[in-house]
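A, B, C and D label the chains in the order they appear, each numbered from 1.
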Amino acid sequence: MEALERTNLEHTDGYGVDCHCERAAELIREMTKDPDASVYMMTGGTSCNVTVASCLRPYQSVISARSGHMYYHETGAVEATGHRVLALDGVDGKLTPELIDKAMSEFEDEHTPQPKMVYLSQSTEIGTVYSRSELTAIRDKCDEYSLFLYLDGARLGAALTSRGNDLSISDLAALCDAYYIGGTKNGALFGEALVIRNRELSDHFRWMMKRQCGLLAKGRLIGVQFEALLEGGEQSLYYEIAAKENRIADILRDGLGEMGITFFSPSTTNQIFPILKAGAVRELQKEFFFYEWAKERGGLIPIRLVTGWGTTESDAAAFLDAVKRIR
Amino acid sequence: MEALERTNLEHTDGYGVDCHCERAAELIREMTKDPDASVYMMTGGTSCNVTVASCLRPYQSVISARSGHMYYHETGAVEATGHRVLALDGVDGKLTPELIDKAMSEFEDEHTPQPKMVYLSQSTEIGTVYSRSELTAIRDKCDEYSLFLYLDGARLGAALTSRGNDLSISDLAALCDAYYIGGTKNGALFGEALVIRNRELSDHFRWMMKRQCGLLAKGRLIGVQFEALLEGGEQSLYYEIAAKENRIADILRDGLGEMGITFFSPSTTNQIFPILKAGAVRELQKEFFFYEWAKERGGLIPIRLVTGWGTTESDAAAFLDAVKRIR
Amino acid sequence: MEALERTNLEHTDGYGVDCHCERAAELIREMTKDPDASVYMMTGGTSCNVTVASCLRPYQSVISARSGHMYYHETGAVEATGHRVLALDGVDGKLTPELIDKAMSEFEDEHTPQPKMVYLSQSTEIGTVYSRSELTAIRDKCDEYSLFLYLDGARLGAALTSRGNDLSISDLAALCDAYYIGGTKNGALFGEALVIRNRELSDHFRWMMKRQCGLLAKGRLIGVQFEALLEGGEQSLYYEIAAKENRIADILRDGLGEMGITFFSPSTTNQIFPILKAGAVRELQKEFFFYEWAKERGGLIPIRLVTGWGTTESDAAAFLDAVKRIR
Amino acid sequence: MEALERTNLEHTDGYGVDCHCERAAELIREMTKDPDASVYMMTGGTSCNVTVASCLRPYQSVISARSGHMYYHETGAVEATGHRVLALDGVDGKLTPELIDKAMSEFEDEHTPQPKMVYLSQSTEIGTVYSRSELTAIRDKCDEYSLFLYLDGARLGAALTSRGNDLSISDLAALCDAYYIGGTKNGALFGEALVIRNRELSDHFRWMMKRQCGLLAKGRLIGVQFEALLEGGEQSLYYEIAAKENRIADILRDGLGEMGITFFSPSTTNQIFPILKAGAVRELQKEFFFYEWAKERGGLIPIRLVTGWGTTESDAAAFLDAVKRIR
């Protein structure tokens, strides 16, 4: 906010070609040790996913976990550009090399769409994180089948600063053809920084952005926010916000675990999915806002808790107290 | 062929508005006891499927069995028009009311595409046939959720004349919002007769056909063939061809069954899927043309045999002899 | 900015369903005397245009002036959704009833797309404004042919506060099926308020927004800005900013006119298109930023001057002085 | 017809990979002296146009004369795949190098679609023919701007055998990146032979065909017809039919010209556009079938006469007699 105000009276070129967008891009190239990367300031995650996927040839498709945002929560926006999203039942919300083999084995000839891109999220929609070995194995599969690897980083900060994470952002970047660093869910008002490493995907990309309604007139708005978020690399505001969210989430996770509560997903990030009694869920909803993640089964409901940049330790303590009291 | 030659010198209006198309439509309205149905002469099955599905609103999707032709063998042609095809693992290649419930339960709000059409094939891609009670139960589900029911009849003749079928064409028509009577796979050189009963789907349909490359300049070619195929209702050439194909298929099925060979699918129509030893498959391929239907597993391969309008009883006998000899 | 900061710590529902969006919508319903209007907070003008146009049936097209933004400056984003934009040479950047007659006369039957929407901009891309009688005549044509009338208000403030304008915002609203009130070009950081009056166009509109990447996670950002801009109706910040821009533009227009300089377009708003000698243009570009609007012809170049919310009277005076000195 | 009947009992591979399609392709490669050309058997002209155009990158557009079939008579089928067709007012139905310059000058940057393909018809929709020098000049422009040149040959036979034509089919082929040899309007029941010379356009073309509903199950049907039509090169049935149609058209053209009747278009092929008095048109319509080509103006109406493979010299004489009697 401060950064936006400070820059509000500057005159800049429009449509994302300005000094703030350029500086934000430079910061990303440095922190990822990737001097040749193309960086684009995007308004939202769906916009990133759609614009990247629509760079495929018309008959090509994208492989995604069924829980993947591109498949599950974007109203068919990729299909709207004419490409199938091939959904597979993931393991803890993650794709595996075996699943990619399976998808490729269904592709036969000109009667079937050709899978050409693997889409995954880090962290996933259920809070899990790909390890270095998992992501490397998927990269190897992509090489085997000549697939692009595209990583949705809406919650990338949460992954990078989570317990047990063994991938730095530069490791991760090196394994992907394209990915984005999510701002909206990591302290920005809005905006994502899309990074394209493979030039086959960045051909005339600004044309593709405009065609998909993704070229913001005052593009500097996003540039300014990423400048402010990323300055300092691993000591930046971006890491700080994410780490804090994870820390509060760990308090919740540990606290709930100590009460013997089990979880819908082995999340290690700022989304937690405790499974509670239906009655307790109803009671908690009077005091706290959260989603029910799945339908009631056997009297139990998994809920989703998400810690945000404004969530405090005392918020977490209050929730844990309430659960102790109610369950 | 004969009918085409006889009419080759006639002068007719173009683009499917001629006396042959009209007569073919009239025959269909009579045999289905459906005087208000709209009938369109189409060049192929994919063209039918795509043009019907593209009549949905942009955010709507189609429910299909994973083995459904629309999902499995059309190179994403429906997705090319911007609509998701939601694929579900069918039971013997068929959708069930429970699967439709499952698909609808995934639809939440504006973040997910809205399923609006159920696509099924009669007979299915693996030769099975929906019974009256099965199809009625699906119709009821469609009514419950306000879904269109669209039936792909590429192999409709095979279904109508198969052992154990309990649905007449007029019964079937009454349960559907749209369906097509397949010509290509039932004696025609090419062409399918698409029947639309629900006017919500037929609005400006000829515009949709042209836009999807489906309006044949000399539309009479298809009309002439369907006139010849359908004259006589259940005594027509259409039924005769299909019944003969099923009869030869039954010979194969019974013969293979007597040898103790099992089948990949409980087909009752002119596609049969015996599971043979890999070595036998290799030997048989030297003499006969057929597809391997799935990959080898445990030394066994399911193959697909299809009887056509030219297949004879002695062809069947020769194949059975070869299997006896080789397996 | 102030308003955004003040609301930064509030907890609100996401995706444009929050109290700020609702309050902004209420202000719009009041100032347009249109209590039943549907209002959507959009990220940009292209997003408005594309999402509205994509609500047409697949075979329908949009009529636009060739200079219209939808046709000329959006990289075919409407065509990307499958709809033709039918471009006509406008008169001073405007459509006329005669042009609509012409477009409709080209529409024959199922071999041609069906024009179904008229797209116009107020003010136009070359700064002109539709008068009450002009817009009413177009509305009448739309009624005659059953066309939707959609108005792009990226520069609506400039039109409403321009010399000689005889249309209030409620007059204008009453003539349209849909329109948007532009924020990006009228004081907002970003965002447009799309108003849909005809329910045929608003069916499941939030699904359409999501599908076209137009649903902002933190939708309140746009709501907050429109609250701040529109509070007070014709005394609002929105009118104040636009009126000031027009006032400075009038100074430029009058000053240039007094020097005998002619204009490319009879603009009455904050875009002015003086035609200057090529040499003078080169000199002025050293001191001022502006676009050349068309290629040099006969030693002359039309340029585009746009006054913004930060342009001052002394900026205008400096430009006029420079022109006097240089031309 | 004869050829189709002769081959009706053959067993061939499906989907256009059979000996007849291959032989037809070979004949085309020979007569065009183009041994590396890729040839595809297509069901119709719209299908050719759409499948070729949809091979462009998403942000690219096609340049066409306004009267071009792709723009004027295909219900926006190319736009349905997301590409703009940029329509220009042609000269006698033809594009010119100057028109291409004009189209390219409108293309600026990422805010405008990038023209990438020139579409023209030979003969055109109003019966005119590109000369060698005209087509060469357009090829040069295409090279200058890196544009594909695609020629719609729905009426190619009529052009090749017309008075004054100075382009052989091999000359013409050498100037194009892709073109099709029309069957439907030149003696075939249906079908066009699409020839792609530039490999950038033929990448995975069969996938594109299937996706656009253009892969005919019994592809041999088209192959068989082209075998029969093209055997013999310039002595083939294809040339013979076209030459006969032109000859009868010349009789009509000359006869009408001798009566002092003027023409809407300087056609030299089998479409003729005499301008007749409205009253005479009404009278003639009682005896003959033809289209009115444009609206009545000053008491006169241009009509379109098309000679077909069945039109005889006495048909022409009867028409001329009627005009003499009635006009």
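The criterion applied here is as follows: a residue touches a chain if its C-beta (ideal position, glycine included) is under 8 Å from a C-beta of that chain, and two chains touch if they have at least 3 such contacts.
Predicted, not measured: the structure shown is a model, and the values here were computed from it.
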- [ ] Report the chain whose mean Cα position is at the greatest distance from that of subunit B.
- [x] C
Task: Same-site or different-site touching of subunit A by its copy subunit B, using the half cut - done: same
Task: Whole-Å gap separating subunit B and subunit C, where each centre is the average of the chain's CA atoms - done: 50
Open item on the list: Can you work out the whole-Å distance between the CA centroids of subunit A and subunit B?
Closed with: 41
Task: Length of the line joining the C-alpha centres of subunit B and subunit D, rounded to whole Å - done: 34
Open item on the list: Which positions in subunit A are in touch with at least two other chains?
Closed with: 58-59, 74-76, 80-82, 110-111, 113, 207, 210-211, 215
Open item on the list: Under the stated contact criterion, what part of subunit D meets subunit A in this complex?
Closed with: 15, 54-55, 57-59, 81-82, 110-111, 113-114, 203-204, 206-211, 215
Task: Touching residues on subunit A, where the partner in the complex is subunit C - done: 1, 4-5, 8-9, 11, 43-47, 50, 74-77, 80-81, 184-185, 189-190, 207, 210-218, 221, 289, 310
TODO: Mind listing the subunit D positions that touch subunit C in their complex?
DONE: 58-59, 61, 72-76, 79-85, 87, 105, 110-113, 295
